[in-house]
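Note that the chains take the letters A, B and C in the order they are written out, and that residue 1 is the start of every chain.
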């Protein structure tokens, strides 16, 4: 680029800035770098134009994560709501395709095991790959895991890499605390990368526990990509079926809060140990 | 003048209309009720006739045309799918299926590979551009013209310094190579031999775009490079092949330096005839030391 | 001008308006090949957020290619109505989008706003629209044009009858024309792509089309889609031409690759008005398509959607009767699959209408693309709902010369019958007289028999 063009560009840029300052006339914005940054704020707000009763809409928005009270332009979405939707969808997509951050794994301070899925692609496309431990992980469990405890906890990234860091820490501590209060013994909790629910059966066998519980990232929705489910089974074996697992879903700040869920799971596990069952059989016992 | 086939079909049609009052289409493509029963019972070897063998130009589906003869003459003049009739404003089932069949052939021509046995049988030395798969080949035209240093070295070793280097590329239709090459290639080689030019060490290039020939030109230092390559398939034929020929091609040379012989297939320029023509073109290029627009001027 | 935002705690800093525009685009294989596409779904949305906050003035001051170096930019910017622009330049792109979609904004309001927009603004607002937004927005904009008849009126859906033949065989071309007429096709134009681009051949083709038109007294337009210079010479030699056609690009370099310039197109229009056969005043026909600039390495690092919008800005200057995108013709390296072709078709149509031109679409695909006829039928339905002025049609959707598939004569008539639309009034009346359509513009029992015309 020659000098003349550079000067022209600088002048143009200056002109543009001056024009903007004149236009907005907002002294606050001119002060800092914020001026150079689009603030994206996700907030629930009533965007219906001239609503008859804004309070009713606001309170309706309080009781549901559904996208209501968003108004319209013509028959279509307003731009801000359209962007909100796209942003949430982008997060959901990226949550599926991203790995859990290494720093998060460090923070959780759990041993990291792996399924046989080599990458995210194989994990998504090949169910079986996510249901088996790789050899090194099997070996690690044999050597290092505490055997013969009552409960084994597994954390899985599942289909949401963002569920683990956001929800699991609170959930785990509440669960462990609850179990300890009831004097239930716990084996070494582990994190298994790219794993699906059924991998818990293999783990249970290797560590010889009574109850195995998997905390696993759910398929992300637009309302949240941070939801965790807990899958619990008593003494799984080759004949175990889906109906033998007890499931709690929708554990996240906007659903069942993690601390509350942890306490509830501890109660449930204690009952399972008493009745030596899980899943449908366990539920029938309750009636 | 009416040829034998037309006459036969005409008589068939008339007889059929007299007997059953149905159109020729019904007769050709649909099994009679009792035949279906037999086929289902597995006792008979009757199968549904190959719909791709119906000659579109001869197949008039308008049930009661105002001027049948005139219509047949119109159809004779174009490969376009006219006289296909309609169900409401939609297509008849038979032409809809034929369209799908032709599209399937075109897609398969693009997304399939030239058989390795075919490459070996025709004494072609197999090489490839840097594309890692068909998908990359199709979306990255820039990669379909590049070779790794390793491949270039192998090509150099294999080809030496020929006067004329012939190469075959899959291009956008593997089917066109398998359909035409065995007629075209010997015709080119024979034609050149007459002029005392021997060609050996022909190449086969997988994932090949036309400018790949420029690289081969630079690597082999040949006077003339001739590329036989599959064209983008249409529905009328998925088997059309082109020849791109250039005198001392170099990377990034103007497109106008290539001479093109296109439309080589059974329904276009017959493959053997095209081969002889290509050999003559090559000879002229060597004599005039030019190709493409320059050759026309020379 | 603000070029950064934070999303999910990550800051996205863009370096130029062009970068924001490119990354705000829906995914297209051509932008990926050019190395300018967003690298993740989140970055794409971040760019959309930044774009929503840019003002129309920001876009005016930062054209995709500088004013000084590019003729297309100059043509677009010099054509902007200063008064209207001044009244809207402080709008953000977000506000422009909502203004277009607002129930209180009429077709005339949008047409007025349109005269104050540059093509970059048109492209920007399309990038903030969902597919249904594009359909709904386009449907609100009525653009009519008059050559021998009027195209684009409410209640009509027109078609180009495309009778191509692999060797320009005149009888073969006529056969496809008569077939099309028998299904009600051809009210926008009977337009032939010749194989042979020589003046002599083009004169012959013009005469053949004129002969058919006069023989049956068909109220329509004719066109032979050779290079503009060939058509001009043919007209000078006495060829009867209603319309002059040319493919155009969104950059000066792209137009140079097509062998044209603004002056040449102006000269062509002038010639058509003085020596052409049409009533006018709209006598030009242009074709475009996302990716054309990239394929001739004339994209200047600009995304293909923005360049496409610039084609329409360029076209508008010459008051065309017809403009259509040949949306899936160029190949999967620009639009990878059916999803991308459908998106591009809706974008192009919306942008054309917002630019104020009589917009049609060649709904089409090639055989090395992951798409099939069902995908084209889908796009045909969507565009009909969007109020497309015209669609390209060929016998059974198969172009036997250009070797690609479009929509068929059958499709256009099916779409009319589904939505209660008719051909252009004079053409409709002619078809009823020929007993191809009934008084509700539906196919008669005789329709579909091209030999009706063999008299």
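Keep in mind that, in the parts below, a contact is a pair of C-beta atoms (placed from the backbone, for glycine too) under 8 Å apart; a residue touches a chain by one contact, two chains touch by 3 or more.
Everything quoted here is computed from the prediction, not taken from an experiment.
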Chains contacting each of chain A and chain B, listed by label:
C
Comparing B-C with A-C, the one with more C-beta contacts is B-C
Point out which chain occupies the most central position, where each centre is the mean of Cα atoms.
C
Taking each chain's centre as the mean of its CA atoms, how far is chain A from chain B in angstrom?
53
Rounded Å distance, chain B centre to chain C centre (Cα mean)
32
Between chain C and chain A, distance of the C-alpha-averaged centres to the nearest whole Å:
45
Please list all residues of chain A that touch 2 or more other chains.
none
Taking the complex as given, what residues does chain C use to touch chain B?
29, 32-33, 163-166, 169, 171-176, 178-179, 183, 331-333, 336, 366-368, 372-373, 394-400, 402-405, 408, 410, 413-414, 417, 442-443, 446-452, 454
In their shared complex, chain C is touched by residues of chain A numbered 12-13, 15-17, 19-20, 23, 35-40, 73-80, 82-83, 86-87, 89-91, 93-94
Touching residues on chain B, where the partner in the complex is chain C:
62, 64-68, 70-71, 73-75, 77-86, 88-91, 95, 99-100, 102-103, 106-107, 109-111, 138-142, 172, 232-236, 238
Contact footprint of chain A on chain C as seen in their complex
1-8, 11, 40-42, 44-45, 48-50, 52-53, 55, 57-58, 61, 90, 94, 97-98, 101-103, 105, 128, 130, 132-133, 136, 140
